[in-house]
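Lettered A, B, C, D, E and F in written order, each chain numbered from 1.
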Amino acid sequence: MKLYNVKLLTVTCEILAQKNVIDILAKHHISGYTTYEVEGNGARGLRGQGLKNEKNVKVEVIMQEDKLQDVIEEIARTLFTNFAIVLYVGDVGVLRTEKFV
Amino acid sequence: MDILGLIQSNLLTPIVLFFIFGIIAARIKSDLKIPDAISEFLPIYLLAAIGLHGGIEMRNTGFEKMLVPMLAAIGLSLLFTLNHYQILRRLGKFNLFDSYALASTYGAVGAVTFSVGLSFLKNQGVTSEGFLAAVLAILEPVAFILAIFLTNMAVSKQMKTKKESLGEISESEIGMGITETKTNLKQVLHESITGKAIVILLGSIIIGYMIGEEGFESISIVFDELFTGAIVIFLIEMGIIAGQRLDDIKKVGVFLIAFSIIMPTFNGIIGVLVATAIGLSLGGAVMFGLLLASASFIAAPAVLRHAIPQAKPSLYITSALGITFPYNIIVLLPIMFMVSSIVHNEGSIDLLNYILKGLI
Amino acid sequence: MDILGLIQSNLLTPIVLFFIFGIIAARIKSDLKIPDAISEFLPIYLLAAIGLHGGIEMRNTGFEKMLVPMLAAIGLSLLFTLNHYQILRRLGKFNLFDSYALASTYGAVGAVTFSVGLSFLKNQGVTSEGFLAAVLAILEPVAFILAIFLTNMAVSKQMKTKKESLGEISESEIGMGITETKTNLKQVLHESITGKAIVILLGSIIIGYMIGEEGFESISIVFDELFTGAIVIFLIEMGIIAGQRLDDIKKVGVFLIAFSIIMPTFNGIIGVLVATAIGLSLGGAVMFGLLLASASFIAAPAVLRHAIPQAKPSLYITSALGITFPYNIIVLLPIMFMVSSIVHNEGSIDLLNYILKGLI
Amino acid sequence: MKLYNVKLLTVTCEILAQKNVIDILAKHHISGYTTYEVEGNGARGLRGQGLKNEKNVKVEVIMQEDKLQDVIEEIARTLFTNFAIVLYVGDVGVLRTEKFV
Amino acid sequence: MDILGLIQSNLLTPIVLFFIFGIIAARIKSDLKIPDAISEFLPIYLLAAIGLHGGIEMRNTGFEKMLVPMLAAIGLSLLFTLNHYQILRRLGKFNLFDSYALASTYGAVGAVTFSVGLSFLKNQGVTSEGFLAAVLAILEPVAFILAIFLTNMAVSKQMKTKKESLGEISESEIGMGITETKTNLKQVLHESITGKAIVILLGSIIIGYMIGEEGFESISIVFDELFTGAIVIFLIEMGIIAGQRLDDIKKVGVFLIAFSIIMPTFNGIIGVLVATAIGLSLGGAVMFGLLLASASFIAAPAVLRHAIPQAKPSLYITSALGITFPYNIIVLLPIMFMVSSIVHNEGSIDLLNYILKGLI
Amino acid sequence: MKLYNVKLLTVTCEILAQKNVIDILAKHHISGYTTYEVEGNGARGLRGQGLKNEKNVKVEVIMQEDKLQDVIEEIARTLFTNFAIVLYVGDVGVLRTEKFV
């Protein structure tokens, strides 16, 4: 079976920024994503030990390359300054491109 | 009993001791931790218990008596929030965002603090008015709404000034900016009113009111008798988290440390006096004072991170949970109890009215 | 008390009110949520409590009395499952898979509904036969096994017909298909019998039987006194989930909505009448009726997703949890209690036998 | 240290399909995998808010390229129609190829 | 009551039955599971309850009586750890690492076993000395520290010999190796002393001591009355985990199986006799024996994986949890109770002293 | 926006080895990482069903290529023999290289 090249965007951020990230995805008409809670360390210090609000979350989005630039630009512009956040992009192959707009 | 004696006897209650124990456990870097699911569940449980209790009491006493205290609490909360802002911005030299965030954190109420207060009174054999649970629920969003509204106004104004001076953009764009701000405000309002704390608290008050003493019987073991034990367990975790934050206190600065102790004391004692003046009981006045003295450390971040993302959570969480909360439950609660005892026993209400007139 | 009065007084119990509260919390999009670990633990706890209670009672009353009700329940459950299938497939025009899945969801039993029923009776000051917990345990897999068996048969037949008509494949391949189906059936059977609900329920019944009243004493505070409070907490979450599913009800269609209300009513009342006829007490007849009226919304998906993956869970979960469960605990429970009271007090058993004969 | 190229197959699916995925892996003599619960959104709607059975799970498998085609073909054939499921493949380097058959 | 009768009546308690139930649930591959958050919380709760109870008792009885039992326990624990090592290394032919890991696992104490012991005594209507909770806390790290120290010594020596024979490296490098070993030891020591079990236990003892009977009242329902029910819930999960490990028992080998039964019996009975000799009560002697008989299966892996990573956890966890724990709570506890009854009633302490002298 | 190539190192190991992994990262002056609990199967059998200590954890580290070799070498040397552990490396693109030393 042929695997089609798409992008896997991963955003690791504080849990209270999750809504913002998903809103940005929705604005770009991307409705598919996967999320899960994580802990971590970074520029804003150790996160995830105390209250639920202090945890991190990963948001993973499989998407076509064409939307990627707009999405990461908006995330970077609106969230990078005020939130604990990290973003990276990888290449993956999928079977059904029609699922990932 | 003198004030030191009262503080000491308060120190020797399981709630306070287990809280201090949690702090110590964190300081010696123990891996002790109450699992997340339990520490997320306990505040919901505590609020349900508080709400049910309050609702049942309100069924017995009626609504009318609630009106004046409620309005007084809202008025004071707004006043205090504005006052905090001035102090933080002018004296503390904090930026606009941190000032509003801190102002509302201390203008808002702490549900956990309220639980501890109820247990403290129980321990002293004193009751308080049930409708204070409703005051707690109403007060929760008030300070946030004010602070968020004012922050948004300030930001819009800044944007407008800046853009006009640049002469780069049209009126319509400024209009858009303001619309966005409004949408944002509306969204934050919705979030803060449908936040789990308010929802479970209001819901439980109403349910308590509907079922009354009788209906409560079958669940009183869970929602009444387990109450203090549940607080103890929760305070272990709060102690651990507070202990982990102690390192951050240095970053918070001397000014904010002082603020985190003096402000609640001031607000709390004013609260006790006002409450006494408007006729609340000894215990009721303590709880009323505690509402005003307490700072929010669970609801605050959830609301403020969305509403004022520019503000640093390390400031408002650390000061509210790391300094004010311990201070409130260990030191200020006995002080307010003492003050309330004095003003209730010695007919000092006239004196108090006098003082208050001088203040306002 | 008339039926509306009974429904109203049932509405005002903490269990029902907190369930409705959960629905409202979900509708206003509150972030309120009982942590997963708690809401996964509570059904285990409830089943352990039900089982222990039942086992202890059975130790007092013996097994013999259980046989007839057990057989009656199994018989009715099978009958009803077949009946559901006919209605759904012929009148509802659902496809084979959805029909069998829904038929067994409603043929199976809901352990949470059973818990609420026990609390309802407690509230009315009425007891029920302890062996009904054992009936609950046995009844749980019965409807699934039937539905899965019939679905597999139907699929094998379809496959055979299709393949024969295509003439493409050999006999041995068909044989393989059937073997695979059988393996699958065996596996599903194992899964459904070792499912946590049945295991903890049966285990607790046996343990209850072994330890008796005395042995139970040291744990009765946990497994008896906390029971109703625990249901309340669980029903907050069930309310939230039901509330989230309300949007899906549109997709479910008018036919299934009607089915989700009429079918349980029919099954439940038949259940009450049969139970009365075979000698169960007033409360026992209500619980027996409830077993037949209830639909499974926790065990069902776990079994059906593996056994009949082609069926749409949005149909069977939404109708069972979003419609039937609220209806059962709010409306049908009082109705069945009324019916049971009537047939128990007025010597109407003869009348009933008469009706039943007419029906069968 | 030399890193050897292998494939990382990720299957994100409803929790009740986890067993099916792992059975397929076992059938192809793959015993190593990592799983964890996640939430998500996709063609079958928001998943992970309510009952445990309604959650999603991610199954990650490091494997040699030669088995990949058979495994994804079987997953696609048997699970794509009836389950909420997404599958993607990426390239990773590992130190000990002998661990991943 | 004879010993078989006692074992049988112990078998019929909810704690033991639910443990066995958990084993069976795992064996039939049921998906039953107590959610992680609950089973992580329960040991913390149990230790807090044990600690509070012990602390309150110590307030009544004072410290002095604690000294001798404490020293005796530490002495025996060290002695037994060394003894285990010799047996495992020489007779069992285990490697150095596994021998020390197993030796300390059995030299250490099991807090869950201790909880079950307290419930067992409660059931028999017998009390035990409160300071044994403190002995539990102190004993927890003792065996580990010894084993880790000896392992590190052995490894350093091996390294030195090897390197010298190779003649490849300088003295300073050996020095470095030893320094590293020491740092490691220090780190492990810190970890094992700040481990959550010891921290919550010691903390609760101190808090119990400070609050006394009175202060405990408001939380006694949570930390006393729910105790046995909580153990029951925890033992379901322990049963499940033990059941899952039964398959591994084959890999453990006959020698270790025998060791896991004979060693605790030997240690436990010596413990009962010594405790009786130094004046502990009937119940206290049983608990003292249980401390020495029990093996650690929660704290052990956490400490040993860091301290002796070369040792196979499948050996020490499987034998401690899969064999010794069930044996201890089902069989050995009644045996020790019997022994303690005999030596306490029949003035057999002289006899015992005699035996002990022979042994040492 | 330009995406800069960096490495994503993933270590899946038993939870009691997490501290060791993070200590190794710290030794190489890497303070940023993300962790979360997982279950899994491998050479050391099924992990994650019983006690907390028996679970696995994933440690993910975005890092520059230059440190990668030293880090994986030390992990392999000190942890591969005694712990349940798997390690793999992938390529990802990030926006702010200065965050990942």
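Operating definition for what follows: a residue touches a chain if its C-beta (ideal position, glycine included) is under 8 Å from a C-beta of that chain, and two chains touch if they have at least 3 such contacts.
As the structure is a computational prediction, the values presented were derived from the model and not from experiment.
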Among the remaining chains, which ones contact both subunit A and subunit F? D
Where each step is a move between two chains that touch, what is the least number of such steps from subunit C to subunit F? 2
Centre-to-centre on C-alpha atoms, which chain is most distant from subunit F? C
Through what angle, between 0 and 180°, must subunit A be rotated so its C-alpha atoms fit those of subunit D, rounded to a multiple of 5? 120
Could the interface between the copies subunit D and subunit F be described as same, meaning over half of its residue numbers are common to both, or is it different? different
Expressed in whole Å, how far the mean CA point of subunit C lies from that of subunit D is 34
Approximately how many whole Å separate the CA-defined centres of subunit B and subunit E? 44
Measuring centre to centre with CA averages, how many angstrom lie between subunit B and subunit F? 41
Using the touch definition from the top, which residues of subunit F touch two or more other chains? 36, 90-91
Which residues belonging to subunit B are in contact with no fewer than two other chains? 33, 35-38, 40, 221
Pairs of chains, among all present, that meet the touch criterion: A-B, A-D, A-F, B-C, B-E, C-D, C-E, D-F, E-F
Would you pull the subunit D residues touching subunit A in the complex into a rising list? 10, 12, 36-43, 56, 58, 69, 72-73, 76, 80, 86-91
Applying the document's contact rule, which stretches of subunit D touch subunit C when the two form their complex? 14, 16-17, 19-20, 49-54, 81-83
Interface residues, subunit A side, partner subunit D - complex: 1, 3, 6, 8, 31-36, 62, 90-96, 99
Listed in rising order, the residues of subunit C that touch subunit D in the complex are 33, 36, 39-40, 240-241, 244-245, 297-298, 301-302, 305-306, 309-310, 317
Once bound in the complex, which stretches of subunit E touch subunit B? 35-38, 40-41, 44-45, 190, 194-196, 199-200, 203, 207, 210-211, 215-216, 218-219, 221-223
